[in-house]
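Just so it is clear, A, B, C, D, E and F label the chains in written order, and each chain counts residues from 1 on its own.
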């Protein structure tokens, strides 16, 4: 029955603490095979006046936004072709890597590249995996199936895909995409 | 400067504690944007005689093996065609999903399916991502590029791939594979 | 100077915390012969948003009522013959064991059994002892002396008694009674 | 899922810690209706060099002996008429209170008082309850039934009894006894 | 990266906590050569209802006033010849030791003693050092240079001085003074 | 009854921990007027394998030597004219400030300056005060009286002195001296 105590400056809201509770529980269970209900997390919220480093009180850093939520929002806006809003989630260093082409960096570039490949495409999600990477980037995976229409108007569906995102400072710095579109087209 | 204290039964070795230290640090940084060197983890190792639940002392559960290490070992054995040894990492419920085919469950079946597709294939790793999932499974991602020879003997290389594994009780229960082989073949 | 820290969900009032402070101090002193003023108890009250089990925040259970208080109230109501109110402290499984008779389960049955034994009886308390038992029941002892009138109207007093109660979920499940009434009557 | 941390000087053995784990768990459950397996006790054993009061390191006090064990041993020795050994468990201030007589202070006195009352008597235990009292005394209750022979040689059994003991500094300072002997004799 | 947790009854204000944070950080660094920004202090403020000693809740003692501040105020009032106000910082047992004279105990006595030595004197502070002594007294050192006029009206400046104060219960019990006045006069 | 918990990497010996226990107790009492025996310090010694910063285990820094002990040793060696050994306690940046002269930096220079002032001088200590300063330097004060012989062979004694030392990295960087020698000589 591992018990985790986190001492952290006050200023995180219940949703952010819930994310901490969840992430710390998973961190323990990544190594210790305890049933989830045997892992307790206690968050000791320290008001600034109760927390000193080098004898100096400190301000809490704003929590990172939930990177999975950032990706879900971005993908939703891309699906709606709300490119302006989607763009706001992208870092100036953003690059994306789609199958069979060079890395791209602009959403408009992506739209143009995709145009001859399918009329439209929609994602059905099967699951997300999200974690902090070893550096500053959070990693988010999204997988599921694609449906849509080929350029000739025939429909497709059930084509497997997976996307990998890196998020730094609440902005997406990298998107990598793999899918079975070519596999499917080859069969067609 | 968040501080994490983990109270856990004695019995974990330094490597396992290192993994806990690393996972707990990442868990905090997934939400709190503190620089890594400002996240402290203290592991309070409790001898069985110092730990009671319901007034009863308890035995520590053996640590899970590092799931990334399990996947690396499995992939290495597959690359060496050490199918017997690779098989030992698989759960009886193991299934794998490769592009453009039905789910398979046996390694021999995989070998036969691959035979007409390429003479051999080798993986160059770009990176692994590993985390505990919401249930009992740990998730491991491995991505990089494939090189090898087509059935006609011509060489290929630099074909992007990504594998997703689920590991339960130190055994792989699921492997999903995406890659650009069809994309590349289509161009050839 | 043993120090006890209790981490518990917020929701207990000062009286309930006082009972925790008292019970934890006694628990330590049951084993460690420290003077009471050298035993410190710190209660760390955790708001629900700071407490996770299995990554899920929890609600605190309502505190048990003070079992000694339940017994004092019950005995006072019995002394006042407020049988309806006394009945409300009894579990449906309530049984009582008085000297020289079979176990009884109803208060009216008790009144009838006592009728030929004494006209009335009153308790003077010398002390209560209360503790949690090994199972779900709290145990309360009450001891002191009985005074009253024999059926023939002569008075008696100073007859030693002791009652033992078991309380589960704030209801009395069992009462056992020992006293020197027969000893005294034999002398008379 | 209340968690108790006890910081105490090193020097208690596993049996003593087990008693602490048990007593602290009961102390919590006396107020908080948590299932036993949801109460965790962590004992932080502090070597003398890690523990300071007033800037001065301290020596741990020897643990109290288990008062229930003291009573069991004493009662066993009394049953065996090993009066010398039984005597060693008694404080110089020891007094005992039996039904229908004055307080006594010596074991020989007790033997003589009992002689005309029964040829011998043996105790069958139904249960013990033990706790720290509000002062320095631990309280132990022992209850069950008596069997034996009346002075005329006829047998008796199943007579209810309860004993209450106070123990200070590992010595019994007080014994109080209640039972149904007079009740039973009156019927005979 | 040493971490200090202080559990203390609620009732100290942010300035008092800041002083605790500072003093605890220095205490660690007095022994452990950690950079200040690697020493974390967490103050766990315990409401009276969460803090028990001997099973009894306690009231927090009022914080001591900052002894350096007491000395600065006293010296300022002395400089202004506000003897009445300065007097209020002195314990009834106050004594002072100036160079080349007997201990004095009254401020008026000091003024008279100084009269033939200099017309006036002013202190320029170079630094204060303050700490808790081994007993109840806090120790404050103040050092710097003196400027003023000799009895004949010629000016002096840059004469080194150091004062040592003991403060008990927020009152100055002792002042000791050393300086280079005689050294300077000897040269003149 | 404030309680201090210090979490620190293993590697400090009992003397060093005693110094920590003492310094932390004083730090609390500098602000909170608790009797010393009501301040508890618990040192949680963390083996390197149980302590992570940024997910990386760390080595403990060697403890600073006791600065008061350094000063006592240095002063003893100076009294014995063991200049070579005394020199080893001095930082390359060492400076000293004696009454009525310029700052000096070498011990030989000091000896020469003192030669015409007194034949010899010995210190009788009244007390030491030591603390960590706000920067890297520890501060040590030493006060008491001087005895010795004037250049003409007449004896003196009871002359008050105080020395202030700064110690960085176990080396003395600064010594400041005040005393009543000139005051006394002026009277002679």
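General observations
In this section, a contact is a pair of C-beta atoms (placed from the backbone, for glycine too) under 8 Å apart; a residue touches a chain by one contact, two chains touch by 3 or more.
What you see is a predicted model, and the numbers here were worked out from it, not measured in a lab.
The chains in contact with chain D and with chain E alike are A, B, C, F.
Taking each chain's centre as the average of its CA atoms, chain D and chain F sit 57 Å apart. With centres taken as mean Cα positions, chain E sits 62 Å from chain B.
Counting partner chains per residue, chain F has residues 1, 3, 5, 7, 24, 26, 40, 42, 44, 53 touching two or more of them. The complete set of chain-chain contacts reads A-B, A-C, A-D, A-E, B-D, B-E, B-F, C-D, C-E, C-F, D-F, E-F. On chain B, the positions that touch chain E within their shared complex are 1, 3, 40, 42.
Note for the complex: chain C touches chain A at residues 7, 44, 46, 49-57. Chain E contributes residues 5, 14, 17-18, 21-22, 24-26, 35-45 to its touches with chain A in the complex.
The touching residues of chain B, when paired with chain A in their complex, are 1-9, 12, 16, 19-20, 23-24, 26-34, 53, 58, 60-64, 67, 97, 99-100, 129-134, 138-139, 141, 143, 160-162, 164, 169, 176, 178-187.
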